[in-house]
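Accompanying notes for the structure given below.
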Amino acid sequence: MTARPAMTAAAADNRGSRFSASHMSAVAVIVVMAAWPGAIASSESFLLYVGTLVVLYSVGAMSLHLVFRMGQVSFAHAAFLGIGGYTSALLLTGSGLSWPLAFCASGLVSGLFGLLLGPIVLRLRGVYFVLFTFILCEFAERVFTDWGSLTNGAGGVAGIPAPPAFSSPVSFYYLCLGVAVLCALICRGVLKSDVGEAIDAIRTSESLAESNGVPVFRIKVAIFAISCLLVGFQGALQASFVHYISPASYTFDESLRFVVMNVIGGMNSLWGPVLGSVFIIALPELLRNWVEYQWVLYGVVLVLAMRYLPGGLYELGERASALLRKGGA
Amino acid sequence: MNKVAKLLAALATAALCLSPMPLLAKDLTIGAIGTLSGGATDWGVATQRGVQLAIDEVNAQGGLKIGGETYTPHLIIYDDQYTGQGGATAATRLVNADHAKFIIGPIGTPPTLAALAITTPAKVLMLDDGFSPKILGPKNTYNFRISATPQEFAPAMIGWLKKNYPKTKRVAIVDPNDSVGQQVMPILLKGYKADGFDVAFTEMYDRSTKDFTPLLTRMMANKIDVLDLSSSAPAEAGLLLKQARQVGFKGVIIQIGGPSVEENLAVAGPLAEDFISFDFFNPDNPLAKKFGDAYAKKYGSTMSSWCPVMYNAAKILFEAMHRANSIDVDAVKAELPKMTGYETIFGPLHWGGKETYGIDHQLLADIVIEQVKDGKIVRRDVVSMY
Amino acid sequence: MSRQVLVVSGLGKSFGALQAISDLHFHVEDGEIVGLIGPNGAGKTTAINLISGRLKPDTGMVRLEDKVVTGFSTNSLVQRGLVRTFQSTAVYPERSVWSNVLRGAFAEIYKGFWPALVNTGAQKRRRDAAIVHVETILDELGLQDVRDVPAQQLPYGRQKTLGLAIAIASRPRVILLDEPAAGLSAEEVDRVADVIRRINSRGVSVVVVDHNMRFISGLCRRVVVLHHGRELCTGKPAEIAANPQVIEAYLGTVNEPA
Amino acid sequence: MSLLEVEGTVAAYGSIRATHGVSFSVEENEIIALVGSNGAGKSSTLKAIMGLVRLAEGSIRIDGDSVSGERPYRVVRRGVAFSPEGRRVFAATSVLENLMAGAHILPRGRAHERLDQIFSYFPRLRERSHQLAGNLSGGEQQMLAIGRALMSRPRLLLLDEPSLGLAPVIVQRIGELICEIQASENLAVVLAEQNSNWALRLATRGLVLEVGRIRMQDSAGELLRSDYVRRAYLGM
Amino acid sequence: MLSLPVLAQVVVNGVNLGAIYILMALGFTMIFGIMRIVNFAHGAFAMLGGFALYFLLMDAHVPFLLALPLGALLVGAGSLLAERFVLRHLYHNELQGMIATLGLSMVMIYLAAIVFGVSQRSVPAVYSEIFFFGPLVVPMDRLVVLGIAAVTLLLFFLFMRYTKPGLAMRVAAQDLEVAEAQGINAAAHYQAAFFIASSLAALAGGLIGQLYALSPFMGATPLMKSFIVVILGGLGSIPGAALGGLLLGMAESSLTTFFGASTAQLASFGIVMLVLVLRPQGLFGHAERDS
């Protein structure tokens, strides 16, 4: 299966004018996110928790976006989330390594696994890639469960500390926000660079890209590894956020969540996964009074979105702003 | 689109009707965390129903009359998805958004350990259940385990087995390869060895397994006298039971590691004959009978064995509030361990666990040993854990 | 005598039982246009795929400017100055003509993953140079009027020209054209031939694969004829046209190749 | 009333228009050549008749009844059959099954009768009837594609580039077969071809398409003699 | 361990497992082959099949051998609603189709949880005899399941091989446009194919309910096994699904018997990954085209 967003030549070529609008909305979002704790401090601190979750998940969703942009859909992201989570959890609880070092290690180890597995996985395309990554995800969960001597098995690792300087919910939120903004900058940097240009060419046609001098396979592996590295950071942050991890946290459902965030949010823009993570994390909160029906409604939302909004929420936003512009003109 | 909208509206209305409406008097939020999605959904449903039945009883008597006030408890339950993140999110939501001071559940190690990381610093009382020894500890003072674990009941059961089936020697233990099974297996291994049994075959199967015939074929080569289904969940235990008889196993089949006789009988049918297991729930107890009737009246369908456990937890909690004459968390927490002897559906209440966990926050009870005879469950014995 | 920029010797490739190419020899001299012709199924496209690195040969050797490049990947060959085009149109359909050509210059811009990722000063300079170059190509191939049109909206003939523009954007030394005239009207064929001559006049050596004899004879001084994966003969167009073996191969016998 | 009337058709792929108002008609029992370069709109015109691409404008009538915008399976039932460009035989099924798939609209008994007839036109297919279609040579696949189209007993046969990628001697043989079958079944044939010379020699009438429009329309002989066609399409 | 009776038992167990895997995977591979949809709701249809059988047996007192096909056909008919309102709009749209069927399966599973309850139940054993052939043990219910699966598979293959709609579906899977140009009504055949696929899944669900147990979540495992089977056999390939199902059944049976359950689980994943790496299109599949 290939994710092949329709992209108009004008939109894709435009390296100038709409930039500023995009910049402005990015700044606006960051300002809102930065003000979030202040705005809600008076009401519910649970909203801060939800905010933290959104920011956390946007890291993984954005990293998966890079793989989407190559025209591939990976269901193995939970495995790399888990590698990151376990790396930092085991280092923190076992060896007493300092938090920043454990954090860096989690991304590096996850990225390293991406670099090692990428050359195997990326030989496959389309649905076979999807199914292989699905099995890889299941396989990783089994390894987390069975390798008890290292991972403490299905019982998981408890008592994972938060970084000492960021132990309060508000400061931890800012830490996550900082990592998310950094991740967004990296992803945006990749997409806007000539590597991003190569990724776009690969999505359109691998053979043509290759004959234009794009080292297709190497770039695919490199992007896959970068994506794994970034989601590894989410794993580390999340482990410190929940203070507990177990194989049950890294199931296929978790991979699916990242994919759904990208699809629901929209696949043409880095805004897609951000919007998607806001929506997917917030949705259960909206449905929280209907706990029996929440999954039924969640399913209904997925079906409706795919039927009526195949371009995701980002497309909805684009349509709305186009309407506004029309109305204004 | 119109149809879909109508369906949505209908669902929404139904959901609103089902969600508990706050009534007059003072509201008392009883939080609950349970698994309401995926394969363990019945645990969450059991939690919801058990606690709700206890609340119904209180409200039928006009609420909780404490310290001159009348409190109407109402239940808010969230899904933990049986994950750490899910448990933590549910706990945070209850603590920070709903300002719940008392939480019942979750069941299972991952959501419980993650929820504890939220509730302990927030000083919220949690009555939960998970087999990990890490759940109880001298630091987790706001936490009580409301069901016994194999650590507590396995020695008693194995002792009973040795006494009643003295000729058996070679034991096979089959556990799911999950947090439950991985905790229980070593406990049982130790217990059997201590009583002189020879554990000749152990196997951990994947939770998604439905066909155990290959596994049992492997077991049959080991000349086994006793097959212990250990902590297998009801459906899997029933299948193991049925398929073990189908591959021609003629020895004793017992389940030490979790109670589920009724479900196993339902799954295995006539092949469940002679199966031995235990239950905390003794239907001869008048309180238990009353509860069983109330459940049947309200929900009709078969009852999960977790349901009385969660009902019991809520009953104990309300009683502790009465006795403390306060709904202050610390007062209730201080009162709970003093309630030894309080008559519950599982018999007189007893807290223990100090020597194992360093804190007496482990609920202990009698075990009713049951066996399937002529397609019916009969009581064979009652043994005590303490 | 001029230098040989591309030498192919003893090239062979089989797919299972089918020997698609066997013992293929030919060379391209600096600045010349060589034709590679043969009936359908003769192995022309396979030959291009082998030389351009899309397929790995079983036997034989490819030499590009005195360096053996057998089995090199396509993109490294592009970096070394060997570019190919495709039989059907191969363009980025949703992108404008301008950015299609700029993508063709990717090998010029991209000199490593990190410089490309962090957009170093050298990277920017290379890109700017490429952008200037793109303008010259658009001018030369007459694509200026459609520079902002998405490639998919161009008529077929101009898409083919765009394919050529993409190919030369990386400043190749040798260019392999796979049936550049297929599906074009006679008028368009002439136009493409013109473009190829213009590319050649910039000092690019060209290998043209086609089965249109007329087109090839108008373009090349030397023609290699392939048949059943082997070289049948090599010579001037006129000699080739008169060769009875070639006529036989072209008109076919009763048993047509699968 | 003509067998087929095409009037002002605009065939569209999404928002991209492949033809810009093509009109012509086909009478019974004639062969029409549709010539032009790649991308001129020949294939799109045939596919628009079949209902395989969206008809953005214009109308298509068979025996005076509109079939504009009809699904392909209904068009087939009106007596039209189509042999696509690049042959596109069902490679993983046998020759026999490919032909039976072509007879989808016929009852089983009639289909078997028809099969014998098709085999008599293409004896080579009978020899290979149990082989997988994907293992046939290019020429055999082309025969299979035409045979498959003929299985439904059409009155109008649309052939898209039947000479593409075939050796000249095979192209010649296919041409003979088309004429032979056309004559014996009183078929109308629309032949879309890049090989203009060959197509115009088979046809009674010809249309020259350029960039989605009809540039010329005349008898095949006149077109073969026309200076414009000779220069632009015959390379003379 | 490596005695003849054990080996025979391994084969018997493997064939039994394989039969159910094949029933599940056939429909899954068919839907992908014809409509290019990775149907995540396939397991949910199996689940509905299990409940349909349960209610037909328990409430309507239909005899088992009648209730089983009847339940399957009922679910198949119901699946046409899903086809009409969800899938029809997403054919040949692999990514969106996949996510939508995921949503569909969530709706089906959690509605079933609300309607049927979440506790495990089982279809009461209709056949409880156990046959002993020397050291070989074969329970009657497995024989019945095997027989039903064999008959169904035979009927399915005959249908696909020798009937007109069967041929139409096969050629539509290869080249939709050309198939339509032969007079094949693709939309109608899509419906028929979806009906057949869902009915097969429902039948498998009934058999699973009979052999194992019923719950709203019971479809997840068969769905995952279908994934593995079609990867082994090649997506869209019907003979591939048959072979893949048998291979997986045999592999699970023998690996578990000789090496234990955990090892078997890891090893079977390992084998599937190895197959994909060595032969990316599966054993019988065709490579994905590079566009």
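Letters A, B, C, D and E mark the chains as written, and numbering starts fresh at 1 in each.
In the analysis below, a contact is a pair of C-beta atoms (placed from the backbone, for glycine too) under 8 Å apart; a residue touches a chain by one contact, two chains touch by 3 or more.
Treat the numbers as computed from the prediction; the structure is a model and nothing was measured.
Touching chain B and chain C at once are the following chains: A.
If you average the CA atoms of chain B and of chain E, the two centres end up 34 Å from each other.
Each chain gets a centre from the mean of its Cα atoms; for chain C and chain D, those two points are 33 Å apart. Note on chain placement: the centre of chain B and the centre of chain D lie 72 Å apart, centres being C-alpha means.
Per-chain CA centroids place chain D at a distance of 41 Å from chain E. Shown for chain E are the residues in touch with two or more other chains, namely 110, 224, 262, 265. Each of residues 142, 146, 205, 207, 292-293, 295-296, 300 in chain A touches at least two other chains. Residues of chain B found to touch two or more other chains are 37-38, 177, 206. The full set of touching chain pairs reads A-B, A-C, A-E, B-E, C-D, D-E. Interface residues of chain A, counted against chain C in their complex, comprise 6-10, 12-13, 189-190, 193-195, 197-198, 201, 204-205, 207-219, 222. Contact residues of chain D toward chain E in the complex are 50-52, 71-73, 76-77, 81-82, 84, 88, 90-93, 97-98, 100-102, 104-105, 108, 148, 152.
Only residues 32, 38, 86, 89-90, 93-100, 102-111, 114, 224, 227-228, 230-231, 235, 262, 265-266, 269-270, 272-273, 276-277, 280-282, 288, 290-291 of chain E touch chain A when the two sit together in their complex.
Within the complex, the chain A residues that touch chain E are 1-3, 73, 120, 123-128, 130-132, 134-136, 138-139, 142-143, 146, 205-207, 256, 259-260, 263-264, 292-293, 295-296, 298-303, 305-307, 310. Those residues of chain C whose C-beta lies close enough to touch chain D in the complex are 39-41, 152-153, 155-157, 159, 182-189, 214, 250-254, 256-258.
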